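Read through the structures below before going on.
Okay, so subunit A shows up in both of these, paired with subunit B first and subunit C after.
Let's look at the complex of A and B:
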């Protein structure tokens, strides 16, 4: 792809906290559908987005059992974004800040993600067409 | 590549981390060869006030023995060659005098922020 862009996102919020996470995933999704190469540096709480032990649950307020609720888990969205990028000729390099992972004990992450360091963020940004930081507030 | 790190959210998880995550990641990337600057604005101007003391915290019997020393971390950044800027009006509005700031921090007027951005290839607003 001659005009294939590379974008880097650094995100910081954990799942189930606020709209910034969904906004970040929406932007990554658009880039993945366009076949861009995408680097994601998950910093601080964002390392939990790809935590493999996330589990769905029933929702008695909705009157739904676990299947009816069909609760999308952030780890599934991360996996899906990786597959979507690949299907469109791009790729996602999803990097979890290793020390942040250790602090939180979320050492098991879905396939296609990896541990990294701030140097990975720096190198990713340096080789990208643009960088967007979505920090927590 | 030159990157300006803009910090305005202050004291975000500084107790748990025992530092500020953006100040920290800036130091690590500088060590990895990055060329970075930091702009402290909003409540984060307080990071440059010297003599901060967050010691003494304990929950139950577990004491924090290594509390954050953000002012010293900021000063260390400057000593490592990271240019640290601070918005003068944001400090004045919070009653912070220039004499209270750690060494190595350069104050700029709010009207100078856009020009500062122009000196960098990327601006990362945390």
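Let's look at the complex of A and C:
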């Protein structure tokens, strides 16, 4: 790709907590559809986004079984973003902060993601066309 | 001259930080930079005509590009043709465009 850009996103929010996560994933999706190379540095609660043991559930309060509830799982969104980038000639390097992972016990994450350190964020930002840090507060 | 894109995600009616963030956009513009202020999530609530939006309209008059995420507007039932003067509806793609261009993109 002649004009393949590299973008870095740093995200901090855990799943199901804030619209920032949705906006971040929308941005990453746009970049993935363009075939860009994308670095994602997930830290603090965001390391749970790719946690492999997330499970769909029924909702007895509403009388829904698992299929009817159709519960969205962030790990599936992460996997989908990785596949979308690959299908368009790009790639996603999804890095979970190892310290944040260990603190939360979310050591199993979906394929295509890996552990890393804040130094990975530094290196990713240094080699990217653009970087966006979406912090929590 | 540098190029800045400031992303305002907070409801200006709830957070004073939004006011300071908008002031930063104006300061950067008056310092000779190219500035885009992109409203997203609850940040688009201040795109409706109000005393808060009038400050954004002033920024637009000064040359700041003030944009509001069309998805966030739809989520909140705000019609894109009912925005305050100088504020335009835009796709989130603008942020990715600006990142790829190498602009300094700052989230609040």
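Quick notes
FYI, the second predicted complex is superposed on the first by the 133 of 137 C-alpha atoms of A that agree within 3 Å, B and C clash if a C-alpha of one lies under 4 Å from a C-alpha of the other, contacts with A are read in each partner's own complex, and residues count from 1 in each chain.
Everything that follows uses one rule, which is that contacts are C-beta pairs under 8 Å (C-beta built on N, C-alpha and C of every residue); 3 or more make two chains touch, one makes a residue touch a chain.
Note that this is a predicted model, so its numbers are computed, not measured.
On the shared subunit subunit A, the superposed partners subunit B and subunit C are arranged side by side without overlap. On the chain A superposition, the C-alpha centres give an angle at subunit A of 60° between subunit B and subunit C, rounded to a multiple of 10. Touch criterion not met for A:73: it reaches neither subunit B nor subunit C.
Applying the stated contact rule after C-alpha superposition, one finds that A:43 touches subunit B and leaves subunit C untouched. When both complexes are overlaid on chain A, the residue A:119 reaches subunit B alone and has no touch with subunit C. In the superposed model, A:85 lies in contact with neither subunit B nor subunit C.
Of the two partner chains, subunit C is the only one that A:7 touches; subunit B does not reach it. When the shared chain is aligned, subunit B and subunit C each come close enough to touch A:131. When the two structures are aligned on the shared chain, A:31 is found in touch with subunit C, with no touch to subunit B. Aligning both complexes on chain A leaves subunit B and subunit C separated at their closest CA atoms by 5 Å. When both complexes are aligned on chain A by C-alpha atoms, subunit A residues 130-131, 133, 135 touch subunit B in the first and subunit C in the second. Within the complex, the subunit A residues that touch subunit B are 10, 12, 43-44, 117-119, 121-122, 125-126, 130-131, 133, 135-137.
Against subunit A, in their complex, subunit B makes its touches with residues 1, 3, 9, 12-13, 21-22, 25, 28-29, 32-34, 122, 124-126. Of all residues in subunit C, those touching subunit A in their complex are 7, 9, 40-42, 71, 92-93, 95-96, 98-103, 105, 107.
Taken together, the subunit A residues at the contact with subunit C in this complex read 5, 7, 19-20, 23, 26-27, 30-31, 34, 36, 129-135.
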